[in-house]
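The first chain written gets the first letter, and so on, giving A, B, C, D and E; residue counts start at 1 in each chain.
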Amino acid sequence: GCGKKESTKNEGGSSEGSAVFKIGGTGPLTGDAAIYGTAVKNGMELAIKEINEAGGINGAQVEYKFEDDEADAEKGVNAYNTLKDWKMQMLIGTTTSGACEAVVAESHNDNLFQITPSGTSINSVKYDNAFRMCFSDPAQGTVSAQYIAKNNLAKSIAVIYNSGDTYSNGIYENFAKEAKNQGLEIVAAEAFTSESNKDFSVQLQKAKDAGAEMVFLPMYYTEASLILAKAKEMGYAPTFFGCDGMDGILTLENFDTSLAEGLMLLTPFSVDAEDEKTQNFVKAYKDAYGETPNQFAADAYDSAYVIKAAAEKAGIKPDMSVTEIGDAMKKAMTEIEFTGLTGTGITWGEDGEPTKEPIAVKIENGAYVFM
Amino acid sequence: MALLEVKDLQVYYGMIQALKGISFEVGQGEVIALIGANGAGKTTTLHAVTGLLPKKAGTVTLGGRDITKIPPHKIVEMGMAHVPEGRRVFAHLSVYQNLKMGAYIRREKEEFSRNLEMVYQKFPRLKERRNQPAGTLSGGEQQMLAMGRALMSQPKILLMDEPSMGLSPIFVNEIFKIIEEVSAAGTTVLLVEQNAKKALSIADRAYVLETGNIVLSGNARELLNDESIKKAYLGE
Amino acid sequence: MRHLQKTTKSNFITYGIVILTAVIIQVLSSAGAISSLIGGLLVPLCAYMILAISLNLVVGILGDLSLGHAGFMCVGAFASAFFSKMTVGTMPDGLRFFFALLIGAAAAGLFGILIGIPVLRLRGDYLAIVTLAFGEIIKNVINVFFIGRDRNGLHFSMKDSVALNLDSTGEVIVNGPQGINGTPKDSTFLIGMLLLLIALIIILNLINSRAGRAIMSIRDDRIAAESIGINITKFKLMAFSISAALAGVAGVLYAHNLSSLVASPKSFGYNMSIMILVFVVLGGIGNIRGSLIAAFILTLLPEMLRGLSNYRMLIYAIVLILMMIFNWSKGGGRLKEMLAERLRGLRKPRTKEVK
Amino acid sequence: MALLEVKNLGISFGGLRAVNAFEVKIEKGQLYGLIGPNGAGKTTIFNLLTGVYKPTEGIIKLDGVDITRKKAIEINKAGIARTFQNIRLFKNLSVLDNVKAGLHNNYSYSTIEGLLRLPRYFKVEKEMNEKAMELLKVFDLDKEAEYKASNLPYGKQRKLEIARALATNPKLLLLDEPAAGMNPNETEELMQTIKFVQKEFEMTILLIEHDMKLVSGICEEVTVLNFGEILCQGETKAVLNDPQVITAYLGE
Amino acid sequence: MSFLSYLINGVSLGSVYAIIALGYTMVYGIAKMLNFAHGDIIMVGGYAAFLAMVNAGLSPLIGVLVSIVVCTLLGVVIERIAYKPLRMAPPLAVLITAIGVSYFLQNLALLLFGADTKTFKSVISFKGISLAGGALQISGVTIVTIAACILIVVGLSLFINKTRAGQAMLAVSEDRGAAQLMGINVNKTIALTFAIGSALAAIAGVLLCSAYPSLNPYTGAMPGIKAFVAAVFGGIGSVPGAMVGGILLGIIEILAKAYISSQLADAIVFAMLIIILLVKPTGIFGKKIQEKV
């Protein structure tokens, strides 16, 4: 359906007095990556509403504001500066790696605490003020290769990746590196770009000709859906293995889920998970936004709760300065253990990386099945 | 009543006033000459009459109907044809296609072939070159094509902007003969010419335009003998 | 000559506006009266204004439509960022940035000459598409470049960073689509304004000189220009390469303002080229001061509209369309005439009319 | 030696033989006419002489130098300048700048000198302005120096085109229908100007014209072209009385 | 064998470019404007068909018709509001307005339909044919697209050369002022051009989304640019040129990916374009008419 976004208001919570925390968020709300920014915005909004209803953080309510960055480095800095003018104290962002790398340099200067829900590249959390909710590219690439080798899923693998995309490229490179160590053979590594992301016949044909038993797809699900459809049309049926960007493929509107049958992916989050937390989240999200949440929304939701957890640990107060909050949060982050939608018992190192174990799932009968 | 009546016409180019309130009329079947120096506003007048230029003030009526605000294509449908300054042939289309465009408002097949024959007979060069892209014709040939194209619509009234420009002496005579023929066949003619002598010798009446004003008008033969006209426009 | 005086005066007004703006902003900013958003926008603003006037040299003065200007900016940005990353710590910051500027301008200028081959043979929309293609090629090729450095020297690959085979001391400098990370932040508003001023002087002085006249005569009538002995090849190339070099300078500013530089479609694709073209057309084709103002307004507009959240790009689009209609349509013309009439009491008409 | 010497010049467009075996010899300082019916090939000859078209055969010599098949720019530098049948001015430039563009090759300073506004720039620009104004005065255009060229009335545009051509300091000036669109008085004035240019600048002029008053008034010799071929060539009066020329071109 | 199959894939991709380029070239050739919003009208066509078929449950044929009606109306309305006031403006001003329209449509779609991608339901039920014992596959969409292209090329050529309205278009494309003097209603002719161009965009949109079934507010942008390239490739304003240009573009793109480098495929396509234009500066079917001096 369309027109389901009931509210485009950016601010929520109460704003009485100055005793509120101000948390900013950034991500693409327009442009062709808008889908990811929108999910992050919604997930964050949902969590902060709940937090406020439950009494806020350290007794203070939370105000939030989300700014569009069009998934662009320059606009990301603009969005960040806009939030600074609004007197942001902590940042959930940014959504995409490229923009995140530019923003993190700015937030580092201000010593402003930042947690990115979905910026996967190494440089996204280059500085000590920045932490990550999701897997990093190396983690995903490496773990995927290890997982495939350990479970003996395939020996000859083809990779199709987006050579113009930081995320896709990052995972591919690390996958390739680790595959070598694991004795997996990459028989074809075929790229595409966002300028030619409609036709995948050549890439699939090459994978097929090279005799790949498995095709690794480090990319987002929109393009993957085209690949799956094309492969079916070609009568080519290898095992497809994806990464966390693939999550969401089942809820793609009007998508024929039978095409994704047998697709394996590593993901920290699955809407089909049966735990209560996930189910409540999915329901609340659907009620609020009329669509099924994807992993971006879940990561953003978790990020807000991580801030709450760390803030409570650090005992920060809204009237502290940005730097004070930053220092306190940095320290607290390495001390907390967090359980949320996207993992249990997550801890963070000083490098900002979470200790998360990706869970492998497989799509069977149109639903995720844990493996 | 006159076929074409222009009253108090004013035209501006941005801030520049090119026509300062001119009035004239063209009777049914007449040949009227409009003469004047460079930049007097002759071309501007024709453009305003056919509706190619917006008018600041004044009225234009054709056959009793007010056409001041009517768009050019409707005016053309009402029977007016215009041979524009600079010829304006469709450069990439062939001579034949250009002539076909001239007959755009005439749908009848037979009529078309009859008119085409008539044009080819008046301008044999066009028949010879009917498949040549109009843009590669020589200057004079393009002028012939522009005339021929206008005749293809069998106009009631024909506006011509310097039809003799760029034509060889022998063909200048020819073109004035053609204008007389056209007139004899019942078409009313409004003629803008630098060759005032020739124009006045075939016209019934004439108007003299000077920097946006009509300064003189009258019987063409009389004007031909007018001393001031002789001095200013005939070079005698 | 009155003529000369008039253009000189007009040029000095333009310089004056730029200098005055620079001074005002500098004063405001040292008084802390400038928001972070505006503060952060200052350097990009300079870069966009340089891009706009440099594109105007090709589009407005030479009369060729170019849809690949972002490509030149991209070359300047990457060449200079690469240089800065390589030499960081080996020389004083100021000197390094000076060299980076030279390198960015030279690299982009070189590409400007390279594109000369098609430019000399093609016209109109055919040329436009070739410039667009050229810009896309640059972006695409930069995305497959991997350059790394370790104690054995430079390593180069067009496949991926793994293929660089760096040892433990290695550092990837250009990382394909992930671009260059950690470029030193050398650009400042004052440097930006200074560069803008230099670019302005170059372009305005060029226009009002022998070469500029030759370029404009080619624009107005190529055949007539040839007939009076003007060397089309030389002046077309000159216009393209100067324009490209200045775009390269803008690229250097841009690259040294953000710590991450990626050749994404957003920042260096045809969309960006078109964006710059919008500045030029809105400001008035061939009108250098207009380009400056249009670039200024249109860069700020979407940021000022942030309060409208998701409606902002929609409103931006509507504003763009309305501005074009206001500028060029009959109705808009009438509106402008009315405004002009109001003003006429205050000022005598500048242009003389033909009697 | 003749200033312009053309031998056996020819060109075809597809099947059309536009110019065939054209020959002419023009002495230094002569005012020479090229006439003929519409489509005879006159403008085409100008285009061949100035390098717009390349001839299929023939030789063109200017002042003893072979300029056949040279590029338009080189031909101009060698000393031929022209005007066009359909006026080709630099529409958006001022009248003065149109002429200064014509001075391009004769008044020189480097681009760098221009960019840096070195003293030479000011000196040469000043000279150019003076020279351009001098030329404009000849054509009574000095008062319109700052107008945009496209805002001039037709007749003045034609004159400006001549001034621009003269600015290139040619040995030979080609004028394509300079009097087209002018009334007899204006034509008369133009004739005086052309005469003046011939004398004052010691110019050799070749012109195309359909106005016989102008041709008989100022041309010393003419060539009549018909269907691409030379119909008649010689002293003006004699040629204009040639019965062949009368039937093909003049009429009556 | 693999070459053949690449070739077939190239033709499939190219046929989609071709059908978009046909609508593009129509507006481009007649109204002499680069309608950068064409790709976005294609996107609207895709959404119209999607909503009709998936949300309203109508049959594919009705879906296509709905899409054509919506796009035609949209095209005419856009022309009336945004382009008509600019008849006297320089071409670049119109180009920028078209870009404004493009942004407008993209962002309106973003607000109306959301950012998420929808999977399009193919309107073609025909499964296609397989040759050489199944080793070579030609999909139904490809066959329908090529057939549609040929029909459109023939139809448009006949329309332009044989009908009065077509003649009017020719005249308008050459010289609007002179066309008026022939009695041609220039505004109506340009509106009709947009109507036809937009109807073709609808068909292209439906076929594009059937071939590559993902639909979001930016679906039309890149294919629009590629179609522009194809139209120039074939020669501006040439109807058969647009088709040939599109198919050639598709083939080059696929072969470049297959035999040279998938990473550099875009660069190679554009480099080929430059090379071809250097050899033939007015495109494959472009007429080169020497300027008469």
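Rule of thumb we're sticking to: a contact is a pair of C-beta atoms (placed from the backbone, for glycine too) under 8 Å apart; a residue touches a chain by one contact, two chains touch by 3 or more.
This is a predicted model, so every value here is computed, not measured.
S.K.: Spelling it out: a chain qualifies if it touches subunit B and also touches subunit C; which chains qualify?
M.R.: D, E
S.K.: Look at all chain centres (mean of CA atoms) and spot the one farthest from the centre of subunit C.
M.R.: Result for max centroid distance from subunit C is chain B.
S.K.: Write down the chain pair with more C-beta contact pairs when B-E is set against D-E.
M.R.: Most C-beta pairs in contact, of the two: B-E.
S.K.: What is the chain whose Cα centre is as far as it gets from that of subunit E?
M.R.: D
S.K.: Subunit A to subunit D: how many Å between their CA centres?
M.R.: A distance of 73 Å separates the two centres.
S.K.: Nearest whole angstrom, what separates the Cα centre of subunit C from the Cα centre of subunit D?
M.R.: Each chain reduced to its C-alpha mean, subunit C and subunit D end up 42 Å apart.
S.K.: Measure off the straight-line distance from the CA centroid of subunit A to the CA centroid of subunit E, and report it in whole Å.
M.R.: Centres of subunit A and subunit E (C-alpha means) sit 36 Å apart.
S.K.: Of all the residues in subunit E, which ones touch at least 2 other chains?
M.R.: 107, 110, 263, 266, 291, 293
S.K.: Multi-chain contacts in subunit C: which residues touch at least two other chains?
M.R.: Residue numbers touching two or more other chains: 136, 140, 143-144, 223, 310-311, 313, 330, 354.
S.K.: Of all the residues in subunit A, which ones touch at least 2 other chains?
M.R.: In subunit A, 29-31, 163, 193-195 touch at least two other chains.
S.K.: Under the stated contact criterion, what part of subunit A meets subunit C in this complex?
M.R.: 8, 10, 29-31, 67-68, 70-74, 77-78, 80-82, 84-85, 97-98, 101-102, 104-106, 121, 123, 126, 163-166, 169-170, 172-173, 176-177, 193-195
S.K.: Mind listing the subunit B positions that touch subunit D in their complex?
M.R.: 35, 37-39, 86, 125, 132, 136-141, 143-144, 162, 165-174, 194-197, 231-236
S.K.: What residues of subunit A sit close enough to touch subunit E in their complex?
M.R.: 1-5, 29-32, 34-35, 37-38, 163, 190-199, 201-203, 205-206, 209, 222-223, 225-226, 229, 233-235, 252-256, 291
S.K.: In their complex, what parts of subunit B are in touch with subunit E?
M.R.: 50-52, 71-73, 76-77, 81-82, 84, 88-93, 97, 100-102, 104-105, 107, 133, 135-137, 149-150, 153
S.K.: Can you check the complex and tell me which residues of subunit E touch subunit A?
M.R.: Contact set of subunit E toward subunit A: 2, 5-6, 9, 12-13, 16, 50-51, 54-55, 107, 110, 112-121, 134, 137, 139, 211-214, 216-218, 221-223, 253-254, 257-258, 262-263, 265-266.
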